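Chain nomenclature is as follows: A, B, C and D, assigned in order of appearance, with residue numbering initiated at 1 for each chain independently.
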Amino acid sequence: MTDFPAKLLAGYRNFMSGRYSDERERYRVLAETGQNPHTLLIACCDSRAAPETIFDCGPGELFVVRNVANMVPPFEPDGQFHATSAALEYAVEVLEIDNIVVMGHGRCGGIRAALDPSMSPLSPGDFIGRWMALVKPAAEQIQSNEFMTQAERQTALERVSIRNSIANLETFPFVKKRGEKGELSVHGAWFDISSGELWIMDSKGDFVRPDLTELPVQAEQASA
Amino acid sequence: MTDFPAKLLAGYRNFMSGRYSDERERYRVLAETGQNPHTLLIACCDSRAAPETIFDCGPGELFVVRNVANMVPPFEPDGQFHATSAALEYAVEVLEIDNIVVMGHGRCGGIRAALDPSMSPLSPGDFIGRWMALVKPAAEQIQSNEFMTQAERQTALERVSIRNSIANLETFPFVKKRGEKGELSVHGAWFDISSGELWIMDSKGDFVRPDLTELPVQAEQASA
Amino acid sequence: MTDFPAKLLAGYRNFMSGRYSDERERYRVLAETGQNPHTLLIACCDSRAAPETIFDCGPGELFVVRNVANMVPPFEPDGQFHATSAALEYAVEVLEIDNIVVMGHGRCGGIRAALDPSMSPLSPGDFIGRWMALVKPAAEQIQSNEFMTQAERQTALERVSIRNSIANLETFPFVKKRGEKGELSVHGAWFDISSGELWIMDSKGDFVRPDLTELPVQAEQASA
Amino acid sequence: MTDFPAKLLAGYRNFMSGRYSDERERYRVLAETGQNPHTLLIACCDSRAAPETIFDCGPGELFVVRNVANMVPPFEPDGQFHATSAALEYAVEVLEIDNIVVMGHGRCGGIRAALDPSMSPLSPGDFIGRWMALVKPAAEQIQSNEFMTQAERQTALERVSIRNSIANLETFPFVKKRGEKGELSVHGAWFDISSGELWIMDSKGDFVRPDLTELPVQAEQASA
């Protein structure tokens, strides 16, 4: 008997008798031929905003980066470890994905931390403090607005963070190049945990709710 | 009409009429009271190995980091941006998660790249090359072993990478401290995309298949 | 033959043969006994946001003030003409209304003017400039935020204006007094012209979408 | 659950499933392209005299000011807050409306207050008293007429107030200028709540009932 969390093993047992059992052949083919995901999805670590759940995606569809507050740092070819930049490079240059989606969400803890000027480092390394410095100029400007409520400031910075990540994406030469060739498109999305609403970013950077009634009905959605 | 990928919007529509509709109240409560996930799951970006799918987890259960080859860098309080260390710090110090699981998987593209000595940088920044340097000593030694097959070398390095991440986890003072107090436990797992098999790491670092028949039946699995 | 706009006369003819014909007795009684509206509604002049339409209210229900950007000035007993303060005084002290609702809306032209630092006076009297000075401090702070889009700034100030009006309402002694006695409650609402969504202000000043499914079914809604 | 008046939420629900549902596209276009109302309508706050109801107007048609007794103050470029003058300036200079209609009505509470010499201030600020001072000379002369009944005095002052507002409109240079160019026409109307009758002001300032049978039949009334 292992001390591996029993809850996770029970979940795995459900997966094997349920979804895997239904999609056994799909997993086998995906293992043989390799993955060919259509989308790189950059999302937050938050336990309430799993992209495969929200977009009802099956195996093979989404190449997923998850970090705190769904951020992309700017292009920094400095020889350091860059988890997000490495995943981006692999998704664009090897997998040749068609879309990049940066998905933020409501009530994001990283964003909340960025808006809290009184927050002290969580540990001597202050990793969250450093990481959230990626949106620090916006965080300071938004936090100093005395006319917005705290919740409004939070939503505002969540959306700024998505636009900021998208702007940083464009600083990567390989993203820019494939985008200019029309082989790659970049999108933003924001998920409201409480209501389940999805808002998507339009060409002006604003977030609007998509009209789902206009979608063509797809016989089988979950094909990669 | 937006140019947001129609496939994703169709998936979102499925989510809203299906899972969200069933779990509306759970999402609402999770939004109100905040997340309280039991596990930090460090997984690969690979589109075939989504942890929520494999462990059949609902909203609120898993705080998820996904980067190429599910890696944790060593503790480096150098003031740079560290996506993974920041998420780790937040999960342990703010969310006080009970478990950390590092999950690798078969046919990992990052691991394959690390084992390919002829591979040239994917882009001038060589982000994947730099990132995979985290397992470079092991990769070189395994690749030079002429008695293993390429598939054996691949699986071997996938598992080394999991043990390496776990060893790096222990270099973070806050992980070590909470582990010593018995408030945090750290685990490894490896998922075989082709067969659906899950292997878990035992106390010696070996990967074994758990006996699922020993599991207590849980009335309702998906509670956070 | 008059030069009164034919469009309006045709509309009036529709009213007489339609709604008035159906509600003849109600109009007669309302004329005899006087009005007894339950709500003072302070709304914008905008042609797309008529409160009787949005709340499907019949004659006798809403006592309505409409000015640009649905504003309430602060209590200024200075002997000048105060259109809004006079209506407020009459609604509270004579009609003893139960609720005050300040309703703003999206794409408000007055708010847009307040956010446009380059706007010159519309006429030598600069009446709009002076009127919108009621939200000037907030307008300046929001306009200077370079990380929000223009549409986000617009929505932010529309909501600030509602909270500002509500704060100003509380400066009127008779509003405060009846509120403290529990005889009067004050609410905020924001209407999205494009989507038809109504957002209402919660106790923290945030705007949220009400759950209409929780409403009791009312046999006849439109009774005063 | 919110404490927002349930009656209003129920009305909104009716609106969404009824009128909005029928006119969704019209609202969307009005949001996109902006409003272009043909008429500025200056009406009373009275709950029994909503102009959109009486003229059966749809979204986008009427830019509406509502204050007590449908009054327009004289042109006073004194740097103070002027709700009505600001709306007038915006309607004429920005929206370039074609018509201004001042609509009074029977049994107006503001007019009744103006005719009551024994009335004490409703509150220490005496806002209604100050506001109704706009028709004070007429109110005093009419009230002192011992040969008219009280109901006759009331109707007389209601109509004087309309003419007074129209005279004050002409003191605004931008109204005068556009009127002289033939781009703007100004009208008066009086609505009898009890009977539903609409009386319109003729060129001599008298109120007469329009002959609706002369109206051309309009295929679709509600176009802006």
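The working rule: contacts are C-beta pairs under 8 Å (C-beta built on N, C-alpha and C of every residue); 3 or more make two chains touch, one makes a residue touch a chain.
Predicted, not measured: the structure shown is a model, and the values here were computed from it.
For the pair subunit B and subunit C, the distance between C-alpha centroids works out to 52 Å. We define each chain's centre as the mean of its Cα atoms; on that basis subunit B and subunit D are separated by 66 Å. Between subunit C and subunit D the centroid-to-centroid distance comes to 15 Å (mean Cα coordinates, whole Å).
Residue positions of subunit A touching 2 or more other chains: none. Contacts between chains trace an open chain of neighbours here, each touching only the next in line. Remark: the chains found to touch one another pair up as A-B, A-C, C-D.
Every residue of subunit C that touches subunit D in the complex is listed here, in rising order: 1-16, 18-20, 24, 27-28, 30-32, 34-35, 37-39, 45-50, 52-57, 59-68, 71, 73, 75-77, 79-91, 93-95, 98-99, 101, 106-107, 109-110, 113, 122-128, 130-134, 172-174, 185, 187, 189, 193-194, 196, 198, 200, 202, 208, 210-212, 214-216, 218, 221-222, 224.
Put simply, subunit A touches subunit C in their complex at residues 137-138, 141-142, 144-152, 156, 159-160, 163-164, 195, 204-206, 209.
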